[in-house]
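Across the two complexes that follow, subunit A remains constant while its partner is subunit B and subsequently subunit C.
Moving on to the complex of A and B:
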């Protein structure tokens, strides 16, 4: 392993890290510049002067940008809860209850998870319109739950499969029913699986674009990625506002990935190699 | 299981069904039924708000599709985009994975840096890049002009080839990390003693890579390739936010074209035909995926 000089290794790592962070760093720097600084020549690589005006401005004058972030929270949270509840039940049934045709059902769930969201749009839009679900939190939450349930079922099923079966058998001997075993033994034992699945589903929902774009047509109901993308309207892009709003909208995701890095990577790679 | 009495077994099956029913209902309502409905819509005339009663017209929209140049353009753009970005992502992904598999300090930060582009919303990532590509105030042109690499601002998103290159760059930047993480997991499962044996035989590092690492990574690489190809074939918010498909239609993906047909041109049933074709392409890919996985076991 020592054949290659360490210097080369560190140089490569540094370049990769820089390239990964560069757009985000540039965005944050832009959000800390004055409007004159953003459009200055020669370009300002370091904000001069540093200012938080853009952030204050958004809070005072463009509260809709904060509402987008709030909408993303509501939808992401609701989707995560629904997905974990239904996904864990299905995953448990498929991995532990010796169901007939469990294998076929798992393949079916995997297959439908690959449907492209845009091909759902004509029908979902029409049906949501008819049932009054456009521009409602519950509508987009149901849609996202449908999109991400397959992933959750697979992840949780593979997690349950790693639990020692003896505990459940002992509980069954004691006369506990399936539902009680699930609720008071399986769930408490599986919280790491729930955390990893829940975090990834939350990120998926936060980032989802086509359905959030089509099913939330009212400005006040838009999620952060959609609302910010559509913010400028017809004319020039107000980059001082856009960059600042984008920073605010990605902070929750940056924090989640930084804190729960191990769980997310573990969940992703386990999910993909199944 | 063989010892359980039949009645208990039956009760268990019933509980299992009860546990799985909510999931099947939601998946049916959100994924399965809409696809079927899109197929029905693509064979008829109706309106998005249901004010026009449905009338069956057969393959009319599909015939029209075959003669629509913009559809073929969108299909070509999507295939070119996929065919260029996936190999680049794979090469960079393998490189990154090999790098992250080495031992060095601050490895946590490096892995986090690689994870960030993947974790952030594509729509917002794209906005960041669009700002950097900006002709008048973007950082790329600032550096190019100041360093003398260019003598006038480059219109990155205003040229057919450059715009496609810009789009590929954003995709590669975002998803090489995903490839890297999957391949890294595969790397870490390769037993160390294989390399020691290789060293005994006097293998060079390149030979080690070619003859030990790469063959054992076939599974993870295949998974990453197929997942990413399906992703690239349905790319939507990337061209939506970067170029809106432009200049003219040079970067208009199939998803973006379908969206415009449905909501901007209000040709609802024609749009349904487009999404059905797209669905068939991607579903064929997913079948290949599932069969390769089954054969792997």
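Moving on to the complex of A and C:
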């Protein structure tokens, strides 16, 4: 049987890819334009003249960008680790240990994450000041962990729910305790779930703005989105610097996504049952 | 010597009783099959023995010791699950060795025991593979091997063959039989397949709605079902049931009179109605000898060849009967023929309670 080319499907994919990628493409193009090119009318679609000056400039004149990116990386990594550790344990307990009223707890957890982060700022700021957590990595990591934990609990709980319960029962019959089952059966089998959740949390944390702005007040501790947004000068937005810095700040995320992408796809539970 | 004793064991979830008051003694070395339709409580009973389900009433004794609150690993039981439940990220060897590793058995001893078991099950060449690289039958063998390696006092099987295709199921069934003959370990086996139950069991326990309906050898439950449920559940195709009422002359007839029986082999003096049961394989088509049987004229409404056998859908007046005959030269649709219902093969039930009546001869 010959497969009919599915033009409708391809058209749909093309449109959705374009919609989500156009701003990024525009961003990259802007970073390759001169200042005059950026403000040109009608807008330039192909940079003319094409220039790498912005990149050279930013590396020569704004070494702090690399510090911002490093800060973002440390906070994102720490948040991901914390979120996965606590999120997986909570998610496992809620989805598998037969807790009473687990459903209500899950909804409660979700409800907590509905507060806009801005509403948390006053209490976080005062308490972080009190405990000396302002301008520390661990401070922002704690704040971000609190912010993204509900999401991780939900993601991981629903992933655990898809594992065949008999495997865990077989492990119990073999003599494993709950924690051992969690460590040597559930975690290895949920690896794709962990990678997907971790990746999303990392990106969330990387892009988070309000808390990072308020809790990191020293320039040397700023994260990439905050640092870049504070570039604007007194009279004009230096768009070429902002777009170039943003492109540089995206690179680590792209790399991490590329590395773990294969892991997400892997079907680890194949052959477990049936 | 391991005897398993269930003393009025029950399991309820809140107000809902999944298993109510099961009393059973599984003898040492016996192969006991729990049989019943889905939701009858057979799996729950097995899981209570395994320790995967808490016991809400009664006592469980394994080898004379009360096991209600003992951890599954300390009960001396091993379980084979319906969907194998192998560890997909571990090799066949590690799957089979897991319990021994957790018991801190020496590595050389583990190697030896897994090796022997793998050889017994024909798995030696697959020890390094992951379960995903095995066929369904091989996976189930690994699951059985994992149970054997532990040298448990009791084997528990939860529908271990239902995921296999029909051909493989028959083969694995025979292997299980051989294995039991060889190891002689007390076994409890849950299934909804009455053929598996009949072929594997020393004794069958038939459950319905959380209660034990009948316990007996395959022969006993087939020949002497205690009630209509057992009679209909054991045997395939299912037993024919015909409702009869007694008329003023003391003759038993169907409501529309098409089938009449002058006398019945039981004390009917106080009965006005009853339900007659006869298995399809016991209806005689074109009988040579009519002694001890009631004969009727029947029309073939439908004939189905199964291979060795054929099934005939017969009509005697307004009564439908299913008969099983040999697969050679059998009557076909539209034929009119004579059938005999041998009195010795009849079963009689109370139409209200479903309980079987005792025969007088």
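Quick note on the criterion: the second predicted complex is superposed on the first by the 213 of 274 C-alpha atoms of A that agree within 3 Å, B and C clash if a C-alpha of one lies under 4 Å from a C-alpha of the other, contacts with A are read in each partner's own complex, and residues count from 1 in each chain.
Here is the rule we use: contacts are C-beta pairs under 8 Å (C-beta built on N, C-alpha and C of every residue); 3 or more make two chains touch, one makes a residue touch a chain.
Keep in mind that what you see is a predicted model, and the values were worked out from it rather than measured.
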Contacts of A:26 with subunit B and subunit C, given as first, second, both or neither: first
Subunit B versus subunit C as contact partner of A:145, first or second or both or neither: first
Winner by number of subunit A residues touched, once subunit B and subunit C are compared: B
First (subunit B), second (subunit C), both or neither touched by A:195: neither
Which of subunit B and subunit C A:242 touches, first, second, both or neither: first
Partner chain(s) touched by A:66 [first = subunit B, second = subunit C, both, neither]: neither
First (subunit B), second (subunit C), both or neither touched by A:176: second
Partner chain in contact with A:81 - subunit B first, subunit C second, else both or neither: neither
Set of subunit A residues, in rising order, touched by both subunit B and subunit C: 268-270, 272-273
Residues of subunit B that touch subunit A when the two form their complex: 1, 9, 12-13, 15-17, 19-20, 22-24, 26-27, 29-35, 37-38, 41, 48-50, 96, 99, 102-104, 106, 108-117, 119-125, 127-129, 131-132, 134, 136-137, 139, 142, 146, 173, 177-178, 181-182, 184-186, 205, 219-220, 223-224, 227, 230, 233-234, 236-237, 240-241, 255, 258-259, 262-263, 268, 271-272, 275-276, 278-279, 282-283, 285-287, 289-290
Complex contact set, residues of subunit C against subunit A: 50-52, 72-73, 77-79, 81-89, 98-99, 102-103, 130-134, 136, 139, 146, 163
Residues of subunit A defined as touching subunit C within the complex: 164, 166-167, 169-176, 185, 188-189, 268-274
List of subunit A residues in touch with subunit B within their complex: 1, 3-4, 6, 9-10, 12-13, 16-17, 19-21, 23-24, 26-27, 30, 38-39, 42-43, 86-87, 89-90, 92-94, 97-100, 105, 107, 109-127, 129-130, 142-143, 145-147, 149-150, 153, 177-179, 182, 203, 206-207, 209-210, 214, 224-226, 228-229, 239, 242-243, 246, 249-250, 253-254, 256-258, 261, 264-265, 268-270, 272-273
